[in-house]
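Order of writing sets the chain letters: A, B, C and D. Residues in each chain are counted from 1.
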Amino acid sequence: MNWLIAILQTLLFVALAPLLAGWIKCCKCRLQNRKAPSLFQPYRDLIKLTHKQPVVSEQASWLFIKAPYIIFSATVLAATVVPLIAVDLPTSASADVIVMVGFFAFARFFLALAGLDVGTAFGGMGSSREMTISSLAEPAMLMAIFTLTMTASTTNLSFAISHVLNEGLVLRPSFVFALAALTLVAIAETGRIPVDNPSTHLELTMIHEAMILEYSGRHLALIEWASQLKLMLYGVLIANIFFPWGIAETFDVQALGYGLLAIMGKLAVLAIFLAVAETLFAKMRLFRVQEYLSFAYLLGLLGLLSHIILEASR
Amino acid sequence: MIAAYLVLLIPLVGIFYFALAGHRADTGKVNVRFNGICLLATIWLAINVLNQGTIISSGKAFLIDPFNVYLIVLTAFVGFTTSIFSSPYMAHEKEIGKLNDRRLKLYHSMFQGFMLAMYLVLTTNNMGIMWVAMEGATLATVLLVSLYRTPESIEAAWKYFILCGVGIAQALFGTILLYYAAVQIGDGENALLWSVLYENADKLNPEILEIAFVFLLIGYGTKIGLVPLHNWLPDAHSEGPTPMSAVLSGLLLNDALYAVVRNKMLVDGATDSNMAGFLMMGFGMLSFLVAAILLHRQKDIKRLFSYSSIEHMGLMTFAFGIGGPLATFAALLHMTVHSLTKSAIFVTVGHAAQLAGTQRIDQIRGLIKTQPKVGWGLLIGTIAIAGFPPFGVFTSEFLVLLATMHSYPWLAPLLLLGIGIAFAGLFRHIQPMVYGDRPEGQNPIAANLWPVTIHLALVLWLGLAIPGFLANWFSQATLLISGSTPL
Amino acid sequence: MNIEQLDFYTQAILSMAALVGLTSFLMLGQGRLLRLIFVFAMQGFLLTLTTALAAYSLNNHHLYISAVLTLVLKVVFIPWMLRREVLRMNMHRDVEALKNNTAVMLGGASLMVFSYYVLHPIVQSSSVVMVNALAVSLSVMLLGMLLMISHRQAIAHVVGFMSIENGLFFAAIVATNGMPMVVELGVAFDVLVAAVLFGIFFLHIRTSIDSLDVDLLNKLHEVDK
Amino acid sequence: MILALAYGAVLLSFFSGLLALLMNQRLHVLEFSQHWFKKSPHGNDCSQSAIANSLEEKHFPFLLRQAVFVLLGLSGVFAILAGLGVLIGKEVITDQLSLGLPWVPWHVRFDCLSGFFFLIVGIATSAVSLYGPGYVNSYDESQHPFAVLGLFTGLFVAGMLLVLLADDAFFFMIAWELMSVASYFLVAFQHENSANRRAAFLYLLMAEVGALAIILGFGVLASFSDGFTFGALREAHLSSTWASIAFMLALLGFGMKAGIVPVHVWLPEAHPVAPSHISALMSGVMLKVALYGLIRFCFDLLGDVHWQWGVVLLVLGTVSALGGILYAMMQTNLKRLLAYSSVENIGIIFMVLGLSMIFMANGHPQLAALGFLAALFHAFNHALFKNLLFLGAGMIHHQTHQLNIDMMGGLIKKMPKTSMLFLIGCMSISSLPLFNGFVSEWLAFQTALQVDVLNNGVLRSLIPVAAAALALTAALAAACFVKVFGLIFLGQPRSHHCEKAHEVQDKGMLAGPALLAGLCFLFGIFPGPVISLINSVAGQLLGETLPNDAALGWLWLAPVSTSQSSYAPPLVLIGALIAGCISFWYLRRNPATALRISETWDCGFGGLRPRMQYSSSAFTMPFRRIFAKVWIIDEQIDKDMQGAMNQDVAAVHYHLQIQDHSWPRLYHPIEHGINKLAKVVGRIQTGNIRVYLGYSFVTLIIMLWVIS
């Protein structure tokens, strides 16, 4: 039963990810006084891409062709770990939050390699930048997560979230910092403004898009889907760690239903925040990103230190 | 006892044989034979001592105890192997016209003369005769240092002569004071006999002995090469023929140290203070450090290794100065392994210099590629002398270090610093010489490298395991010198 | 025990000691080689006399042999050899300019005091009067070294070296009435060989640097020039 | 029995070295065998002819090489068996060899800690001996004699094994230096290159200085005890100060060998110049032996660890980890890069070991055991994947005669098997899930997260920072190895050699790395067996094991408790396979969407050339900007001008040199200091004999004055 719920939840994750992306796009368009595409446009895009014949460069090796599957699988695995609508998942036990970060790293590793595979300047540029940003983001993210795991004294996300849930409403200064840090990291890692612009192409500032420039057809679909999934993962992490209320603690239909509604509501609100931020800010120069990320790291560190100094039991 | 007389007689005959017979083609081989027979005689002597314990000759003129008997065997052994090396080496020198028959005659004769002096220093029971023999050793070798008659070699020989002469004169003054202290407690004619002195050491006047020891230490210390009295040593080693450098480094320095230790035993018996020990430690440490540092500046390969000799003699002096069974044992072992290693190194150095046609370090290159045996011999010898296990030098240095840690822990870092600096100094010069491509026009030469192999194998053996009889020997000598055995 | 209470021979020996010390001083201040050699021969002669006196007063026969050896070696052979060298090198007219001669002489005087100071405990502990002369022999030795340090001529070095030997020999006589015979003979043999070798070396040095100035023997060093 | 296996391993490696000496003695061997057959003519003709055949000139070198490596491989197998035996039996075996000093024979002790490191050495040696014969084939016998290589390889392995067996300071030092000296000769093996000589000198010098520090460390212990067997040293009662001095000395000595910043400089110099299989042994195994020494010294001999030591280790480890990977990233020489990455990994191990010490000193032995486990497991993993990568580098070098990654590219198509093996190595070292590197890093994070139990505020805030640094290290390592793999194997060939390269033909050369790659994957999925082995080490050394290492069964890894953290790699693997297969199957089922091969899109400019690809320095440029202070960067751009008024750029020359800070800050001053000192001391030897006489005179006067 538990396993079934876990698998269902994962499928839900995968299924809902394009929806979130569509919703963000919608909000952004509204904010920018444009006519918004349909909420389901991302699904249509994905389906269209899967029906196209993929074109592969003659320089590409097997790695280029297999990488999208690997990237997608790794991201899906990360999704199994994060409680979406219910806590106490067996999958959270088989891989804790550090492993989840590992899955991200796995996906990124292959994405960067795929960028290098074809041997164009764009691919190399994208890979180099992606690896730079992610290596700065990773410690900041772990700092933020460690604040949680040390508070809950577990690295199992399910347990950690139920710990926060059971404590009720406790104002923790460390969580404020951690929330800020994780948000900044999430923006950087998912390639949103001001770090990267997801809607740009053929621009020397692009990062994520530069790597996947050579992809087409179903490969591109997988990669796009994976990045939508990643965006949602971060959203769910932020939503469920810092605002866990509403998540199902028992596996009955009613609780699960409430859980689903709760997370959808939380994500919708978060997406609006993201859209507002993306509208307000301009993209940074690449070498300002380090300052941005070190600020995130600083916040994470402050969170951890305030946990140790202000909140610890002794 | 006949063995002891034989040991002295053979080189004596040798002197006259070579002096009278003149140089012939096989003189080098004859020299090997002389030394070989002598080695057999010393082994016989050693077996005697092992079986009977200390031997004193009927006229009390000679004393063979565990301390000197092993040095005698060592002397004979190094003499023997060096003569093996010397035979092709000198032939090559003659071939390239650096030497002629007359000088070779002198060389072989004086080689035996030097050996005689060494045996006499070791076997005699009389401190006066010991002095005479020590001076004799200088006299025998001084002409060998200037054998090539180059301005440098003459300069070196002159410095060697004058500095050692003056130094040894101070030792004579010390010996006179010792005699003076001895005649005060009676027994005029026998008063300089070590056996007598040692028995009555506690009755000797400590103040006289302290002064005497200063003179003796400075006197014999000049021969050991203690800083700042060492200045002759690198000159003499670098300018003389290489077999001479090998025996000087391997034997003369040891025997001078032997003389100092004999005298220290008397002083320790007479006084309560550890004055002698402290003086030796001070000189030893100073020599050790200064020589280690100076290794870095060398441009001449033989000079390089003569500084290394100073360094090691400093270490031994230091170890004997610490006293105590562990340090004494270590010092005795170090004497042995240093002699063996250093003479082996000089053998390879000699051939290396012949290969390159110069002793300048920056012109000796690519030895391993030119003549692998010479190159590897030099490299492994240097590894051994730098104190890398499993060679015996490491064992003794390790024990010295432990003894230092026990008694004077604050000196141990200095010791290690010295070893480190010396190692770097040696290797920065050795590496470019042995490695690299073979220079143009450098061709292999005739060389007998068995001495190197044997010596290094022995040093390796001593590093891995000290054979029972030798350990027993060392223990007895340690007992004699320090009053107890190590553990 | 004052000197007037001693017997004549002892008085004579102590006087001789003073004279030997004096000769050392004379050598130290001497710039001309031939005179230096002459004074050295004088010192040897005084030494011979002292030995003979000691032999007579102590009735010690082997000291006579020592005396004869000294006479032959240090009064006749070595001065003769050195003189011949000097003449052959045509150096008998050279005067060596000694730097700081006064300071050296004063230093020599203080060395004598120092010798007395060092050997004081030994002299104190002895009942034999002649031991008082031990300080003189030590200072002869030290002065010999000082001579070598202050003079540049190789011949002066040999003289200094031999005068150190003289000091030692004197010490052996006054302190211990001579060493055992075998040692004495050995020492004498060494001195003889040394003298011969010095002769050979003069030849070599002269052929190599065309001079006997030891300051020119400075090729082997560790200093950056 | 187990001890016999261990001795067997030592002797076999030793004999393999001796056997190699026969390389130049073919005629002697021939003579000997003929003599032998003459003596026993009734021996069967078949074997006689076989032997005679093998002694022919064309077969002999080949067969001898095989034989040498077979012996070495057997030694490795024996070492593995011995290690497993002692670990499973949780035994402590002691023995004495009648060698060494007359009153202190060599003491031998084979316990779990030694056993575990025996295992590491054994695995690495086995892999190397599979790989070796093919690799050394390329050496020209007259330039690079196999006798030397074989002899010192054998001695090197024997030395490492003996270090692990030693139970007295004297024997330990002998074995230690045997290891150092033998490897020195291996570093200097290709000595015609002056850079190699320099590297060898630096290596030996630092090995010597390190060894001296270790001796001094033992000496401190020995002066508080009678004798210098480890048994006696354990009994020594040291004051806290002396214990700390001993610890610092040991840290300096072993740290030098292990390659801790700032005493790591020999490592990137020496590892690249040795033959690749030797680099693999040095980097993969010898550094671990240094680690063994430190563990033996601190946890076993000193026993009573202080938390301050742990902090020292933690800080040094962090600096090394970060410094190592940042320096690694800037390298273009593959083996140099790998060497720097070893510095990083050793740093990680030291960090975790420091954590273990901190927990130990604060009275949490179980957590100490956790840290200890993470450290040893990472050491084990590092041995596997670093060995793999070095062997891979050797394969690449063997085929392309290049080590400069800026000159490679596109090898994934020319050398598919090699690329697969290398990819596994890269993934392991980047600590990606499913591979062994991840497991140990995960354990390290788990250890760091237990900081809440500590009372000390400084530690409580320091350790999380270190953990974040660890995260940064891991991320940088991933970036670094993306660069490595991407530039070497992907894209288009950047040089002629790479274009011409083809797959390695020798089966052994593939089998060795394949074995290691397999183990990397195996222990990434099933870390349980290794962890239970290390648990017995911890049990013996710290007296404490992990509480419930098998509480959830073999599938799970739950070092502290299941509620705190757990990881089930097999489940993850299954999940990954399911997700991968479903998407693969779903998307590929439509035949209309078959792949279409086409030219690379070139933005319409045309003519994509290999030179247009990102190079190593381009890839790392953002890092260079961000962490600029870490290196000494010398970057120059020169333009050749031409045309009217010299306004047109004809060619651009880019020059980049990146140096380690430790050289100008630490090593050059020491070098200059010694030279200067030597110059000053040299002044005492003026060459003037009168001055010398003056010394003698003054010495005499001073001495006389002193005593009276």
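Criterion: contacts are C-beta pairs under 8 Å (C-beta built on N, C-alpha and C of every residue); 3 or more make two chains touch, one makes a residue touch a chain.
What you see is a predicted model, and the numbers here were worked out from it, not measured in a lab.
Each step here moves to a touching chain, and the least such steps from subunit A to subunit B number 2. Note on chain placement: the centre of subunit C and the centre of subunit D lie 69 Å apart, centres being C-alpha means.
Subunit B and subunit C have Cα centroids separated by 31 Å.
Subunit A and subunit C, compared by their mean Cα positions, are separated by 100 Å.
Separating the centre of subunit B from that of subunit D, both taken as means of CA atoms, is a distance of 43 Å. Within subunit D, residues 679, 681-682, 684-685, 689, 693, 696, 700, 704, 708 each touch two or more of the remaining chains.
Annotation for subunit B: residues 158-159, 162, 166, 170, 211, 234, 294, 297 touch two or more other chains. Each of residues 118, 121, 145, 148, 157, 214, 217-220, 222 in subunit C touches at least two other chains. Working note: touching chain pairs come out as A-D, B-C, B-D, C-D.
The touching residues of subunit D, counted against subunit A in their complex, run 409-410, 412-413, 427, 430-434, 438, 442, 445-446, 449, 451-452, 455, 457, 460-461, 464-465, 467-469, 471-472, 474-476, 478-479, 482-483, 485-487, 489-492, 556, 562-568, 571-572, 575-576, 579-580, 583-584, 587-588, 590, 592-603, 608, 610, 612-614, 618-623, 625-626. If you check the complex, the residues on subunit A that touch subunit D are 50-59, 61-63, 65, 69-70, 72-74, 76-77, 80, 91, 93-96, 98-99, 101-103, 105-106, 108-109, 112-113, 115-121, 123-125, 127-129, 131-132, 134-143, 146, 149-150, 153-156, 159, 202, 213-214, 217-218, 221-222, 286-287, 290, 297, 300-301, 304-305, 308-309, 312-314. Residues of subunit C touching subunit B in their complex: 118-119, 121-122, 125-126, 131, 138, 141, 145, 148, 154, 157, 161, 164-165, 167-168, 171-172, 175-176, 179-180, 182-183, 186-187, 189-190, 193-194, 197-198, 200-201, 204-205, 208-209, 214, 217-220, 222.
Those residues of subunit C that touch subunit D in the complex are listed here as 114, 117-118, 120-121, 142, 145-146, 148-150, 152, 157, 214-215, 217-224.
Those residues of subunit B that touch subunit C in the complex are listed here as 126, 128-129, 131-133, 135-136, 139, 142-143, 146, 149-152, 154-159, 161-162, 165-166, 169-170, 172-173, 176-177, 179-180, 183-184, 188-189, 191-192, 205, 207-208, 211, 234-235, 238-239, 294, 297.
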